[in-house]
Amino acid sequence: MVDLRTEIAGVALRNPTMLASGFLDETGGSMARVYQAGAGAVVTKSVGPQPREGYPNPTIVELDAGLLNAVGLPNPGVIEYEHEVKRAQAAGAVVIGSVYGKDADEYAAVAAKMSTYGVQAIELNLSCPHAKGLGTEIAQDEAAVRDFTREVKDVVDIPVFPKLSPNVQDIAKFAVAAEEGGADGIVAINTMKAMAITPELKMPSLANRFGGLSGPAIRPIGVRAVYDICEKVQIPVIGVGGVGSGRDALEYIMAGASAVQVGTAILSRGLGVFNEIAREMASLLEEAGFQSVPEAIGVAHA
Amino acid sequence: MVDLRTEIAGVALRNPTMLASGFLDETGGSMARVYQAGAGAVVTKSVGPQPREGYPNPTIVELDAGLLNAVGLPNPGVIEYEHEVKRAQAAGAVVIGSVYGKDADEYAAVAAKMSTYGVQAIELNLSCPHAKGLGTEIAQDEAAVRDFTREVKDVVDIPVFPKLSPNVQDIAKFAVAAEEGGADGIVAINTMKAMAITPELKMPSLANRFGGLSGPAIRPIGVRAVYDICEKVQIPVIGVGGVGSGRDALEYIMAGASAVQVGTAILSRGLGVFNEIAREMASLLEEAGFQSVPEAIGVAHA
Amino acid sequence: MPRIQVVPLLEIVRETPTTTTYRFRGDLGGKPGQFLMVWIPRYDELPMALSHLGAVKGITVRDYGDATHALAAFTAGDRIGVRGPYGNAFQLEGPSVLAVGGGSGMASMIAAIEAFAQQGARVVTAVGARTAAELLFVERANAAGEMHIATDDGSRGSAGFVPTLAEKLLARESFAQVITCGPERMMAAVVDLARQKGLPVQASLERYMKCGIGICDACALDDKLVCWDGPIFTGDQLAKSEEFGRYRRDKSGRRVPV
Amino acid sequence: MPRIQVVPLLEIVRETPTTTTYRFRGDLGGKPGQFLMVWIPRYDELPMALSHLGAVKGITVRDYGDATHALAAFTAGDRIGVRGPYGNAFQLEGPSVLAVGGGSGMASMIAAIEAFAQQGARVVTAVGARTAAELLFVERANAAGEMHIATDDGSRGSAGFVPTLAEKLLARESFAQVITCGPERMMAAVVDLARQKGLPVQASLERYMKCGIGICDACALDDKLVCWDGPIFTGDQLAKSEEFGRYRRDKSGRRVPV
């Protein structure tokens, strides 16, 4: 049997699937459930310094090729969130804490606090508006990616994984910036900026008008991003975007990812998706003559 | 009945659907057939100064949410192509000539030649590698978009429509650059850079490794692009990307497009797709209380 | 195709001074107790139980906050968006049912009351409201079986809270099961009552929802999701709950008292 | 799910010195005359007719250029990608059929020859090749009915081109229809012959293909697409064609002589 265990910057995973940030991870009970359902790790909802309500509904629209959302980062704030992390950990979950802030100091402060809860790594959600950057996201400004990563690295002693945005010309440059800032790994990709309109109502389908596209639609964009990034950096990469099967996961692994995150596919396949992906990966890897996940990482670059 | 006629920069269309460049438009016979099947206009394959074979196969991969292609701009060159344009026009087709080149002079030369064939407008396919731009596309360099547009405008007296790439941080800036260069309209979007891997073979699915994603996957990205562009420019916009129904077309129209182009949907709905989209648009417009297409343009901005 | 259907309102029926039914045709099924996500354009998208399951569906909405107040001004021909139905349904488990509804909670239960009666069960409904004018669906409940009323102010039926009425009915006769929907503390009382008698009980919960489809975690209750595992939970599930009757989540995901 | 299936080669059969059959199991149907797009990893993706339609499919490939030459070195267990089947099929139109095949064109026709025989038609096949060793599927054609041979060098059967043989067979007996596949000029001669006799004729054409699914225009023939409207065209269609037997398109889309 193929050995599905893998390891990213020292974080050991029983299998290379993780829950993507923003799905069933606002509460400890749900994170525990997802871990028990088979995920190798769970990434928390992105948590900031203060509680945040997010945008008004409609916040989520199902489209034919994916999901469009503008939930607007609702979260109870890092102080209250301790309770949720602890509850997930009590169920044995490997937890990665996703954080955001309005500037580098806030990122560092939230990450430092989060790291005291016993999470195994910090994920930096850089897809937030960047105050200095005139409305661009942090992840659209190379210097900010480098500096924010460095400031967070300075205050925590667990691995730090900046999560990059695909809404850029050349995502690999941002991965290089993150690596320069001391990142221990890269998570790619966050959602694509997108919009749906409901013609019958003559208006955008989301209350926020714009949103982020996830699911099958963005998988080829994510696979390409991971492939590009792996040509430019040495640190491990976690692939995310449209993973819904073992075959999808292997696209990312062979593009160079060490693990994958799964979000939107929970909709179509339920919480069993983590176990199913793991099982499907194992059988495809076996057919292709691999004994373990690390052997398959990046083979499509050959 | 709703009046489906529309007009873009003086080009009159019997309905707001056009054949997108790259689909059944390498030959005059096919363009004639598509026009006869109901398209309001046909955009030619992007034609350059010399014949070009394109990339080796596999060049096209069907994915669950769209189509991935790297055909590599095969075309018979602008000289030979006269025969094809003439044949399409003999069948009554409204033809828009898509051109590319390696630099602004080549664009201008090909456009000038194409304009002598009697095409009604020129579309500039700016998604070509830009010699000066170190591997970026022309459409990823604002100054190039402006300058190339201007050079072409200087040598033709028909409308010029630069076609923009979504592989940028903020597509609206490029539309503004095109408008500054004298563009008579904007076409958005071209394909998203993407990749698929065939895990069973441990290699990318396309011979060229990378390709462009089209179809339902990119519709929300295209709608957003058109919406953003229409907030920033005065010239008309032609929406393209994942249009496969009248409802899809109306998303673009309400986002601000004056017409739409259709490519990948030919796969799922056949050549009848143009007539079907037109019919579906008419009935949705009627239900929503509109009498004509122009009335519905941009209403989602309200 | 998008999952949201935009439907014109066919008929609008004022049920009580604060509660209105909106009827529409939609290409959707629906079982008793299931809900829709209802988009009130320019205002909000909210979960609403299907109060009418036939060819012409219906939701029955209390004018409560901004969005439902905006909806109260809609007229026939105006359009709303609906998606669903989502969630589980009330299950008939024996020959006789006691249904205990409080306020707009009757909107979630009335389809079950009618369906159970049609399946041959004896259905006794205890309807509660603040005052007589706010009693919801008493005619439909009456037509489906026996109906008893409690009002806080005593303006109709027995004076007091509906759990007290339910207690009397449970003392009077033996039921095979209890179903309930209403304010959470009321439901907590009814669940306790039923469990003390050893009766199976199902309660339909309300939580703030965003997605309605089990991905956003807004509606979490312990390690369950009200939109996905619920909205109907059994007495056994609720007895084990740390949060039922005590905590809900606000829009930011913070635990706040019910 | 992607449309491409990756399949291991189960059996590889040398048919002639230059032509080899590759067998594999695939989750795909297939009618006589339809083709697959066959991905020879690291080399090319090419259209290939289904020469075997049963549970274990087969394609029969002439070692011709770079990609087919690379394929010739594949061994059992090696994997190829297949998608399809695409295109239309040969249609049986009467009690007797003359099938005229030239070179590897037999690969496209053999499934039809067998299917027509099984449907009860009398099938007479005229097989042509440069030389005896290059004759393809003569046993299968013989088992399906009557079989006649022509070789350019006279090493087996009558000496000369297969259209001449076909002409003799058409003079000898009356057929209800003619089908043909082979080099285009050969097919043009056969189509002419059949039309002079007033017989319905179907010819399977070969054109350079990229997509195989009717969108890229690489395989255009007049205003038709060989992958989508064909690969099998009727004599009436071909008689109207400006390009059949005269022009094909090269990889850049230029019209070049056949």
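Residue numbering begins at 1 within each chain, and the chains themselves are lettered A, B, C and D in the order written.
Following the convention adopted for this analysis, a residue touches a chain if its C-beta (ideal position, glycine included) is under 8 Å from a C-beta of that chain, and two chains touch if they have at least 3 such contacts.
As the structure is a prediction and not an experimental result, all values here were calculated from the model.
Common partners of subunit B and subunit C, by the touch rule above, are A. Farthest from subunit D in terms of Cα centroid separation is C.
Centroid to centroid, with C-alpha atoms defining each point, subunit A and subunit B lie 33 Å apart. In this assembly, the C-alpha centroid of subunit B lies 37 Å from the C-alpha centroid of subunit D.
Centroids built from CA atoms put subunit D at 67 Å from subunit C. For subunit B, the set of residues that touch two or more other chains comprises 63-64, 196, 200, 203. Annotation for subunit C: no residues touch 2 or more other chains.
Those residues of subunit B that touch subunit A in the complex are listed here as 63-66, 68, 136, 140, 167-170, 192-197, 199-200, 202-204, 209-210, 213, 215-221, 223-224, 227, 242, 247, 250-251, 254-255, 284, 287-288, 296, 299-300, 302.
By the touch criterion given at the top, residues 1-4, 6, 37, 39, 41-42, 44-46, 79, 81, 83, 210-218, 220, 222-225, 249-255 of subunit D touch subunit B in their complex. Partner subunit D is touched in their complex by these residues of subunit B: 22-27, 29-30, 32-33, 45, 51-54, 56-64, 67, 71, 74-77, 80, 83, 196, 198, 200-201, 203, 205, 207, 263-264, 266-267.
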